[in-house]
């Protein structure tokens, strides 16, 4: 999607907007490519008009492979099919961030199962990341997610899923209950489950019940229950964020694997420039760690550090380098490097 | 609608956009208010979200009354109802301007007849301007236009209509033939008809047939035929533009009233910064002239001059002053005033 | 007045300036209109030149009615009469904000009593807000303020007055003593009195004497003494600000009514983007509360919250929404809303 | 003075302004310093506030010596004394440039004779340039100009004077007749007289009467009459500009010395970015030529070329290099140099 | 290389620069990729520092494959090896463009023969484009160009060479004579030879002697002589540009193949925003035409049109679309498309 | 040198850069001129091309005398001699600042001893400041520094030296050991020695050994040892910085003179906008104090305060005023001044 960003001002009253590309899965792919150096590709559908080609221009800059983008014809008005846009302002101090999604009738929400040749997509792939936003767009979208996950499993590709519950998307599909039903149906295909505090519970319903966790103590039993019900889920990873203000957050993460709960790096008063995409950058860092065979503890640290760095720059995606991530992991301070 | 303008760059590749408000009827209302000092109001419907409120902020700046804007609830995704946006780049030299409309599912296109209290709207009003874009949006829109025009006539308000044929909007409603049928049905309610070369013929079909006019000689008989068929149409006014390049156009206008054809000011190599909205500013100038009782010749000159000045600034609307319009009408040169 | 804002840089050395409109009474009117949805109007006089029309453009954007602005002729040099401008930079950390006023010979400072038809102005009005800056501009200005307040009382319009002592303006009129004399003369016409710590004492002299208050304990007796002397004053409201740095302030307010002192919300380390206009936005919030019949405690909270939000954006006026104010009042955190 | 420049937009509606320094004499000094490499100094008085120090910052960047700037105390409001500002927009095509001066009560207009130590100023100087704007500011200003010119003559410094008739400045001093009287009184002190078409006649009255010249034939007799009356005037130089549009002007100059009239380079359709300061840059080029002993013909060419180049950049002053001036003089084309 | 672009201002005096990537061969590759949709790759060496990674970011955005970029280690000072930068301002009207190259000690100039695995590079390739700038950098560079061309021929890849004579680069290598010797040595490997007027003669010496051609009549015999001497050269293509001013150029091209000279589209007063890269975009268009089997005439038209469009946008590369190129070829005007 | 500053973004991914001038000695000279009002001059050599002239433009704006800048000829490519550039981004929160120097083959690094007429330079001078970066550039540079210091002593000019150890510059000259040898050789010419924590020890080797000091207790004995070995060193001054994050640092300084150690002002959580140049601004403040005869304690406070203020604005140099420095010294808070 195309993001309009009013910088340090507000959307209403703005006369100039910076544009960025964004989208949960894409942000992960871009982070893995630009910060961690892996080759990644995004599978989506865009309408072939000026907005679509601008999004392509941004994805090219992000280094993510565009050959799996499907292009659909533009009807000249945006009635039949559109490209999604959104507006997001940062927040500052006591003023929270504000977002507005304009994603109705997008090409990707109308993508039907059976159209993408997933077998071709997954040749040579090691990891497939998707999540609850894509699954929510429409009934077709749910099925597209399911066929993609199934194909990934068939090719031995690790599947991760980020819960990302968005009430507005489920309004027309049974609300939270509808979401739980859909998500639970997809869980048997998941290897690595992401979701910030509360998100897992919201997405999975009873299995994840209990108080919202903010401590390892409350996270661990929830994670144990979920992996008990879905033993295919090998890793659960959850970010924890508590805003002191829009400009300062506490930020950390918990992880669960092989019956063990871990806590990643924690920042107590992380200074925030633009918090959007912190969770996606966490996912990218954790995936990199796991793909590198570094173990869950290092992977959690990597995810937290990458997410923290992503929130020090504007835009949804990280602009960090691996060296910076590693410096944070090893406790380095923020002096100038020259 | 909200316009995204990449300045002197192109949409694809842009990272920053200037925003403007725009829309045919609105541009006319803004020109009449800010250049000519008349009080004007816009009747429309916007979704109450960040984009809608940004458009309101822009309309407020334009000085146009906002009390007749209806606000509909946002569904959080833009599926049920949205605010229209568009992207327009200027063109330069041999490179033409490029536009992209994203106006599907807008609140205004879903406005039903019987909802607006037109009798309240027209209290104290002298002129009502609408046109072929609004009429094209949906069948409901056509009926809304019809009820508005009918109410205007009932209140003794002069009705002007700008043909503004847009093929993309008529694709789903019978193409050009559908447009002709709808427009002809509305013609008996029209007092003043606007339409650039070819536009009148396209909008009205046979009555306006014949070669596309570029001279007074070809314009006059067409206008005579149209007013013969629709004797209620007291004035027909048409701009004539011929691009030398995107940066230089020849620009002028013809008018027809009381059986007489007139030609307005003509600029042979008008230097263009942003041509969008030239026709709307022409309409504003002509309406001002007629409302001021200056006669068709002066009104045409006023329209051409106002349109010419509107194309020397960015954005869809004029930023000219009445003094500048008058200086152009009286043949003044472009020295610096201080 | 027109504000020149060098953004996050300094005035000296700047090559670009953002412009805003500002002025104590105006900021209150704009806040009441854009954040709280009330209809407001500004009564002032501007010179009809480019600066005046730019200020009008900004006021239009602010949604404040411009029909009570008087326009005086420009002499082409700014000798007889001018529009006021000022330069304000934000400050950052240990570097305080810096301002420079260029308001000599303004049209408004030369407005004579007997010129404005206050009876027409106050038709349908519920509240009139003015203050010590306007009263200080010239002897005529004092009398204009007096006649306006008198007319307001005559129409049953509530009158509020913000002390806003500015030493530079009183230099030629007897300094602080001159100010005290003028202000005390106006007090019998005041219903609601605003003034930050120290400001009330400076403006009113002895009645407000005693140590500058920073606690409810020191505020209450001062307020009691003032209302004892001027029993017409039904509410006294005072903001309290203590800079930790230019970027972090403690911020709160005290109020006094019916013999009772109240303390509003308090923020200990409020993050500040641009502190200018915080007091005016406090006044707007409090006036909204009182006009809504919410009582002094809620009104104080509303004023503090609105003022706090106003300081998170650039420019003198608030860009907050009522929902954001209410969220702060109810203790909400600064997460992103989407 | 400080110039506010809205770029390619208009003042009204602008939200951002670029600032430049400007002023007739200063522009000449800056051109001689930065394009032609001579050391120059500006004698003026500024108020010591943020605007004054910003102007100093700009003058420093211009390379002009600031040690002869007098600094007067700021009163905190701009009532007693101010720094001048002005707003200038460029114009484009049929839309002319627009300017607005806000120069009342400036420090320089209040400078009294007897205050500047001109004998110290002129030590080592070769040329003194002043003109009709400075002489018009006030009666004191006229006397300051006179004492400066007298001192210059005493030191053997060449004196040039640019007529620069500004009606708004003379309104309070007898209009055009007042101007003629003052200017004629100063003429006996002038060595080199500048003034665009019409300007000399306006400034000097009868001696310069006759039709406004646009040809060498009409210029020559006027110049002959003026030098006959004031034989001390050794050179008269006049630019000729005819706007095709605000973006294209014809541009050239005539000169007269030793009984001979000369015509400089002529550009028929000079492309203009910002025409302000073209005449001042002409003066700088001509002065450089004369100081370099190149004769009037080359000096005229140099002035026209420098003025032409100055109008291809924003701001009042030239940003050209001597090599570029020489290339134009020798008829070079506008290819890229690298 | 990294280009610093001061927009419509000048380098000296600028405080902000837009950055672009550029380089003759790269511009061709980017044009073929983004306008014409072919997959292209750039073979070069960059130093792995912030500038290098910024250039990579720009190349990614350009869509050109980066896998053939070699990365050399940074020494922390830029002494051993650097990345090239340059500054280019556009010119306007009578003011020509100005450029400044800072390309000493670049990594690419130190690339040795034998390092790049050209056989791997050319797998699947159809065309290899290089030229006189790369060949000029150093003796090693010449040999790298030779080995690349030789390898290309071995793989049946078409080789094009753009003369691009730059005196500053040959200063240390025997001046123009040195260039002629080197270029002639490479000619036997060339299939398609590019070079604007005069460039071919400068690059090849005697064979190309004779008057600089500006007409088909003078171009044809030169081309005939060159192809007679180097019969391997199947196509010679030369742009012709004559500046009316920096903002308006006449622009066209000649081509020669199979003994026949052709003239492409001609624009008499092409409006220019940024002329840099026009020749490279011409090459891209012509290569596309030849690769598409469209014949030399269409290919010349395509090159001229693509070059013309490239000069209507800022930056070295084209931002045009194939549809726009085709519209120009078929004589379309510059109206707005929406 | 010319600094490219990506604002609040990162270098990689930036499309626009702000430029500043910078360089250790220059920053001190600029601070002394613009904040403290002393006349200062910079002795250096620049290549006469666009970058050199842009740097001159920036230095002129800085008010520093440019008459001691030597201009060397440009070779058109930057092979023989160049101007230095660098890229510096600020850092934010957990993300540290990043810098990249491109200073190989600069004109100044090739300046030979015997070329500058130091006797002319030092006429009328009171202080000469240089340091370890200049001394490191090349063997010639070391000798130039030595001859300058020697000449300064000869003229009774106070000599200060800032250690500024940069590993990258010493790589080719024996690393840290080479640096120690060179620096120790220069110490006998030093009156005032600057160096942040660790820097003195790194620069001087054994004499400064011992634990890196962060307390007065560890600083004092080191300073005592150094002054015992080099009794000519009358003052040692060292800043102490500890980053809480890139946006918040603790900041202070120690000084040693006449056997006494002093501690300057300390800021525990100084808010940082751009930390670059803090040490240079400290040096400027301290030099001003000593030149004003205010004693070491006040001078340290002045240095710390000036350095603190310098870090609240973008760019390498301070934009503070003396009044602001004095307010910080006397413990003033950061309210708005107007």
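We call the chains A, B, C, D, E and F, going by the order they appear; numbering starts again at 1 in every chain.
Rule of thumb we're sticking to: a residue touches a chain if its C-beta (ideal position, glycine included) is under 8 Å from a C-beta of that chain, and two chains touch if they have at least 3 such contacts.
The structure presented is a predicted model; accordingly, all values stated were derived computationally and were not measured.
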item	value
Touching subunit A and also subunit D, the following chains	B, C, E, F
Same-site or different-site touching of subunit A by its copy subunit F, using the half cut	different
Label of the chain whose CA centroid is most distant from the centroid of subunit F	B
Size of the rotation, in steps of 5 degrees, that lays the CA trace of subunit C over subunit E	180
Result of counting contacting C-beta pairs for D-E and A-E, higher pair	D-E
Where subunit B and subunit D are represented by their mean Cα positions, the distance between them in whole Å	45
CA centroid of subunit B to CA centroid of subunit C, Å	42
Sites on subunit C at which at least two other chains make contact	12-13, 15, 57, 61, 98, 100-101
Pairs of chains in contact (touch as defined earlier), listed by label	A-B, A-C, A-E, A-F, B-C, B-D, B-E, C-D, C-F, D-E, D-F, E-F
Partner subunit E, residues of subunit A touching it in the complex	57, 60-63
Footprint of subunit F on subunit A - complex, ascending	61, 267, 270-273, 308-309, 311-314, 319-320, 324, 327-328, 332-338
Subunit B contact footprint on subunit A (complex, rising order)	4, 11-19, 49-51, 53-54, 56-57, 74-80, 82-83, 85, 87, 98, 100-105, 167-169, 171-172
Subunit A partner contacts - residues on subunit F that touch it in the complex	8-10, 12-13, 86, 88, 91-101, 243, 245-248, 275-276
